[in-house]
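Shared chain: chain A. Partners: chain B in the first complex, chain C in the second.
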Partner chain A sequence: MEEIKKFIPTENITLFRSCLVSAEYPGVEASTKYVFDKLGVEYVIDRNQSCCTGLGHYYDIFDELSTTALAARNFAYAIKNNHKQYVPTCATCYAILKTAAKTLNEKDEVREQINQAFRDNGLEELQYTKGDIDARDDITHVVDVLYYLKDKIPENKKRELSSLKIATHHGCHYCKVHFDDTLCGYRNPEIIDKICEVMEVPTVEWYDQKPRHCGGGFRQRYANRELSLDATEDKFLSLHKEKVDLLLVMCPNCQVQFDRYEQVLEERTGDRHYFAILNIAQLVALYMGADPYKVLGIQTHTVNVELILDKLGIEYDPKEDTLHVREE
Partner chain B sequence: MSEKNRIGVFLCHCGGNISDNVDLDYIEERLSENDEICSIKHHENLCSLEGRNIIKDQILRQDLDRVVISACSKITHGATFQKYIKPLNPYLFEMPNVREQCSWVTENKQESTDKALSLINSAVESVKYNEPLKKIPTSVKNSVLVIGAGISGITTANSLAKQGMEVTLIEKRPAVGGAMVQVGKVFTPDKMSEDCAACLLNPVIDEMVHNDNITLLTNTVLEKSTRNSGNFDVILRKKPDYVNPDKCTSCGKCTESCPTFAPDEWNEGLNDRKAIYKPFPQAVPSTYTLDDESCVKCGACLNVCPTNAINLDAIDEIISLTVGSVVIASGHQRFDTSKRPEYGHPFYEDVLSQMQLARLMGVNGPTHGHLQVPSTGKVPRRVVMIQCVGSRDQMPEGHKYCSKVCCMVALKNANLIHSHYPDTEVIICYTDIRTLGVYEKYYKYVQNNGIKFVRGRPGEIAREDDHMVVRVEDTLNRDKIEIPTDLVVLSAALESSEGTIEAAKTLGVPLTEDKFVKEKHPKMQPVSTDIEGIFVCGTAQGPKDITDSIIQANTAATKISELVNGGLEVEPFIATINVKKCILCGNCIENCRYQALTMYHNSIRVGPIACTGCGDCIVTCPEEAISIQGQSDEKLRASIAGLLKDKKEDEQVIIAFLDDIGNVSANNMGINRVDCPSSIRIINVPFINRVKYSHIKYALTHGADGVFLGEYPDTPKHNEIRENVNIMKKHLEEDGINPERLLIHSVFIPYFRGLANQFKEFDEELQILSK
Partner chain C sequence: MTKLNRREMGNSSEEDLAHRVLKDIKAPSDLGLLRCVQCGLCTSMCPASRHSEYDAREIIKRVLDNDESIIDDEIIWNCFYCYTCHSVCPVGNSVCEVNQILREMAIQKDVGKKQIESFMSFADSYLAEGLGIIPEEYHGQLKIDYGKHWENLQEQLQDIREDLGLESMYLLPEAKESVDKTLEAIGFKKRVQEIKDVRNRK
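For the complex of A and B:
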């Protein structure tokens, strides 16, 4: 294991909910909880938590100040709950929260402006004091925790997954925004690969475009659709060339881009090759024996995951998928 | 001071420079009240021969035992008066600076006179503590350890040996020659050609081998070094001689029989070699060597060796030496390009480094000089070179500096390819082309030969069908282009080698932030290090080409020659240890950045060449066992007492402790007639940490209104000094003294006006404080 400079929590965790995970792939959160439970990680989910603003922030709907103020509010609740270790499932939440914590610690004027706003509105209890949250040590991504506990993962092995050809795609908001805090490299990010390694699931060491982003780019996906898909297409074709069965991601934005847009990309490129998309937490949950529908939530995926289950010889009842319309 | 001193005071008029603005008659009158002053004499110009006679006459007639000469700065005439006070010991005098630091900077004659009196009083009080001292003659041992046998180390060794010195040249690898022996061809300034590196290097190596003053030890590293009064006791570790060099006839039978393979370092891992091997045909020493990490000790070689030269049970050799100087010439290594995976070096066979390309093109390389694409064995249709891989790189793990040689290396290799394979196209993707001086002509020459250039740093390399693709933005016309190519060559940064970092650590020499060996002064002392007697040359000090390495190597040899042959006599102001008080805790040894102190047979020794007399060790000693010869604590306190002796009721006095840089700056103030408050009374100290809290407290409780510390900030102790001042301020507060009365400020020689302003501001602040 490489030397880890940042603190990685296994207790006092607030599992920071992501709006994209909840709305698009709720199975990612369920899988994370499933895996954390198996690994003995102590965490809570805070009903008072608000969105990190990520999507809105990158649309310029939320400015930096509102984003930081909302983060201050979330930090206050986490501290009050004695669970100030924020662990987001989404790379964007991770980056936004870290940036906000840095701003709150380093920029006295901004902090004071936000605290003043809290005071003006009778929300004194939300006020932020310099150093409340350490940007490096108090905000970690789910993959950081999984990586930290990776040697315990095989103890919970229930299924054999080694027959798949897997490529990994690392979220750029995890790798590139706060690269000093990124584990296992960011030019050739390997943290998901290292987690796969302990499950004896081989991954493609390198493929063309590996460090590239998914193309999602928040507003770009909707406002500059062509630009966004152009970028996705390069990586998509490279994955086809590698003939992978599964693409592993760590961020719901990337998951949306490759899963929801699969058909669009196939039409654009005229290139067809089946591969499914899973979050690393979903794969670890599957490895530990989780139910594909009740825990992984594969019924919410656009690209069917069932073909992968077939390949792995995992039994499932297709009737549990009540979301996809099937041709009789 | 039980017995009364017999002090003589001489007042120089300096042709009016002093006497016009200082009432020397009044001063004489006041001084004559002091019964320890037995003689007071005036003169127009004391530095004249007539002045000399007056001083000598008075010393003999009045039986003076100490002398104060009130005149100009010690820098101007200190050495003169040191001679003039003969027959007294040359250290039994003081020189209050009443010209540069008094008459020239004070407008009001009354104030100037008061200040002059206080400066002279200070000198009178402090001279009582002067001791008769002698300059210390020193000698440096006539033997040198050179670490690293590349072009730099060999050049230094040759030069030193020719000057009669005993040189031990050590090399970590089994053969000498460093990077130069690998590169095949070298670029030559002025000449539009690539020359054979081995042909240039071999005569230099031969010279080294045949010089009896040089002992060459390959497979050897420096393991330990301790400073022992001016010398270095070093311990070297030499890997086992598995192959006895005296018996080996280089027949090569062992290599044939060896079943074990390992990557061939000489060819940059492009092919394999055996575990028992000769690094390359022309290797020096020419014996075979055994790589014990890959050897499985099967014994096959033992059976075939005709001379029984092989011993698989050989053990390490530990060699201990005492040398007078050390040269770090341990060179560089190349940036690990797998840290830039987007360039595919770890994944794609056909991505090479410049050194690998050099090996491919070398006649003694893995393909005997034939340029072949590793995956196909064919001559490449196109070669793309990528510059600045790991250099000029702001991202983590990259190096922010320019590696200096890569532009020329790329041009050289590009031109070589062009001249041997005219059908192969070469494209160089560059950030900027840096071909300084005459090298620019070579750049134009290569460009005219048809080598193409794209300004841009490629983003990534991909494999496509039977070739590679380099994706790059041509930043001159903002085109994003994809260049298909058979071969990609990366110009990897030069970085400090593991051996260099290790050697610096073992020797206690500081490194720069880029991990190269730090020179004493990057501009003025480019081969010396902070530790007297340790020198650096070649790429251990920073990226540079062969020519620059040779220049630096010869400079290092010259500097050592100066030390050995110069017949050094050093000033006696060095640390002394009171052995009765010393508890051998070693704090001072650790703290000394000059490594001047060493533990020797249960006592602490001071190296007179290394010690600068800065006095930084004094504060680290828990037993107060250290003092600087001729500059005792008591003397410093007497200087302060003297300054405050005749202080008038309404007079404001600021004691300004200035280090040597600050003192020169203050002199410049005088030379340029910049006005300075008369309250400022300067005491020159060798180093700001020399001033103890007790001195400051003494000053502030015995009449001084403020204490000013003037520190040259560009030293490794800067932060410590500032921290110490904060602590002293806290102590002042605890002792009920306003900490605002202590001020530290940076000083620089040219910023004397700034220093004057600082004095003025402090003077004004203190006036307000006192009200």
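For the complex of A and C:
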């Protein structure tokens, strides 16, 4: 294992909830909880926590001051709850929270402006004191925790997954924003590959375009759809060339881009090859014996994951999926 | 193309565009904007530069040339905010973050507000629930792209979350109240109203 310079928590964790996970791929949250429980990680979920603003921040709807004030509010709840270790499932939450903590610690005038606004509006309990949250040590991504505890993962093995051909896609906002804090490289990111290694699941170590973004591009997916899909195609075609069965991600926004748009991209490129998309926590949960519908939540995926289950010889009842339209 | 004159070394004003960018709340204290040597590594890795007229290196050149017209230029709205340029820059500059600051300067004027008004349902959702959503303004195209399955998911989401053993995704009532107060206190509600006013003037 490479030397880890940042602190990785296994207790006093608030599992920081992501809007896209909650509404698009809730099975990522259920799988993370399942895996954390198996690994003995101590965490809470706090319904006082608001969205990090991330998507709105990068749609340029939220300004820096508002995003930082909302982060200060969330930090106050986490500290009060004695679970100040924020562990997000989303790469953008991770980057936003780190940036906010840095700003609050380093920019005295910004911190004071926010604290003054809290004081003037009867929100004294939300005030932030310099150093309350350490940007490096108090905010870690789920993959950091999984990597840190990776040697315990095989102790919970229930299923053999080695027959799959897998490629990994690492979230830009995990790898590239605070790159000094990224484990296992950011120019050739490998943290998901390293987690797969302990499960004896081989991954395509390098493929063309591996370190590239998903193409979502925040506003681009919606306001500039063609530009966004042009960018996604680069990686999509490279994955087709590798003939992978499965693409592993660590961020729900990337998951939307590859899963929700696979059909669109196939029609656009005329290039057809099936591959499913899972978050790494979902794959670890599957390895540990989790139910595909009741834990992984594969029914919320646009691309059917059942073909992967067939390949692995995992039994399931397709009637549990009430979302996909089936021909009678 | 108009010829741009780079300000002479030693003649830079504290009020020129580059210095205003550096002083912005979004700019990290160690942002290497003035150290840019125009090597172009940013452009070489940039998805927007690869697929559109956007050129990451050119964005920085225009800022250093004190070319104010960049604030009104639609091209700044093509950045993906993927931070690839930020992670490869040899002098610690970040086109991505400079771009965010330029867009915020545009938002201070009508030209930027018009670019983001189609995302205002995100702000409305945040004000109501403390949660973000996929902007409703784009649901028409998304229903075509994502198919019937996605519409079914919207309808059945709460049941599916229950089947997965998950708590409600919504904030506690008192938490929503403190989010609302925070947004009022920090001036976000005022910002939202100003953006909507531009939309309504159309």
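Operating definition for what follows: the second predicted complex is superposed on the first by the 328 of 328 C-alpha atoms of A that agree within 3 Å, B and C clash if a C-alpha of one lies under 4 Å from a C-alpha of the other, contacts with A are read in each partner's own complex, and residues count from 1 in each chain.
What we mean here is this: a contact is a pair of C-beta atoms (placed from the backbone, for glycine too) under 8 Å apart; a residue touches a chain by one contact, two chains touch by 3 or more.
All of these numbers come straight from a predicted model, not from anything done at the bench.
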| Which partner, chain B or chain C, touches the larger number of chain A residues? | C
| message | Just to be sure I read the superposition right, which of the two partners does A:Ser66 touch: chain B = first, chain C = second, or both, or neither? | response | second
| message | According to the stated criteria, A:Lys107 is in contact with first (chain B), second (chain C), both, or neither; which is it? | response | second
| request: Go through the superposed model and pick first if A:Asn121 touches only chain B, second if only chain C, both, or neither. | output: second
| query | Once the shared chain is lined up, is A:Phe179 touching chain B (first), chain C (second), both, or neither of them? | reply | both
| Touching partner for A:Trp206 - first (chain B), second (chain C), both, neither | first
| request: With the two complexes superposed on chain A, say which partner A:Gly217 touches: chain B (first), chain C (second), both, or neither. | output: second
| field | Partner chain in contact with A:Val44 - chain B first, chain C second, else both or neither | value | neither
| request: Identify the partner contact of A:Arg187: answer first if only chain B is touched, second if only chain C is, both if each is, neither if none is. | output: both
| remark: chain A positions within both the chain B interface and the chain C interface are 179, 187, 211
| request: Over in the complex, which chain B residues touch chain A? Could you list them? | output: 339-342, 344, 346-347, 395-396, 460, 462-463
| note | Per the touch rule above, chain C residues touching chain A in the complex are 24-26, 28-29, 47-48, 50-52, 77-84, 86-88, 100, 103-104, 107, 112, 115-116, 118-120, 122-123, 126, 130-135, 137-138, 141-142, 145-150, 152-153, 156-157, 160-161, 163-172, 174-175, 178-179, 181-188, 191-192, 195
| field | Contacting residues of chain A [partner chain C, same complex] | value | 17, 19-20, 22-24, 26-27, 29-30, 33, 45, 47-51, 53-56, 58-66, 69-70, 73, 77, 95, 102-103, 106-107, 110, 114, 117-118, 120-123, 126, 172-173, 175-177, 179, 186-187, 211-213, 215-220, 222-225, 227-228, 230-231, 234, 260-261, 263-264, 293-295, 297, 299-300, 302, 322-325
| remark: chain A contacts chain B in the complex at 179-180, 185, 187-188, 205-206, 208-211, 238
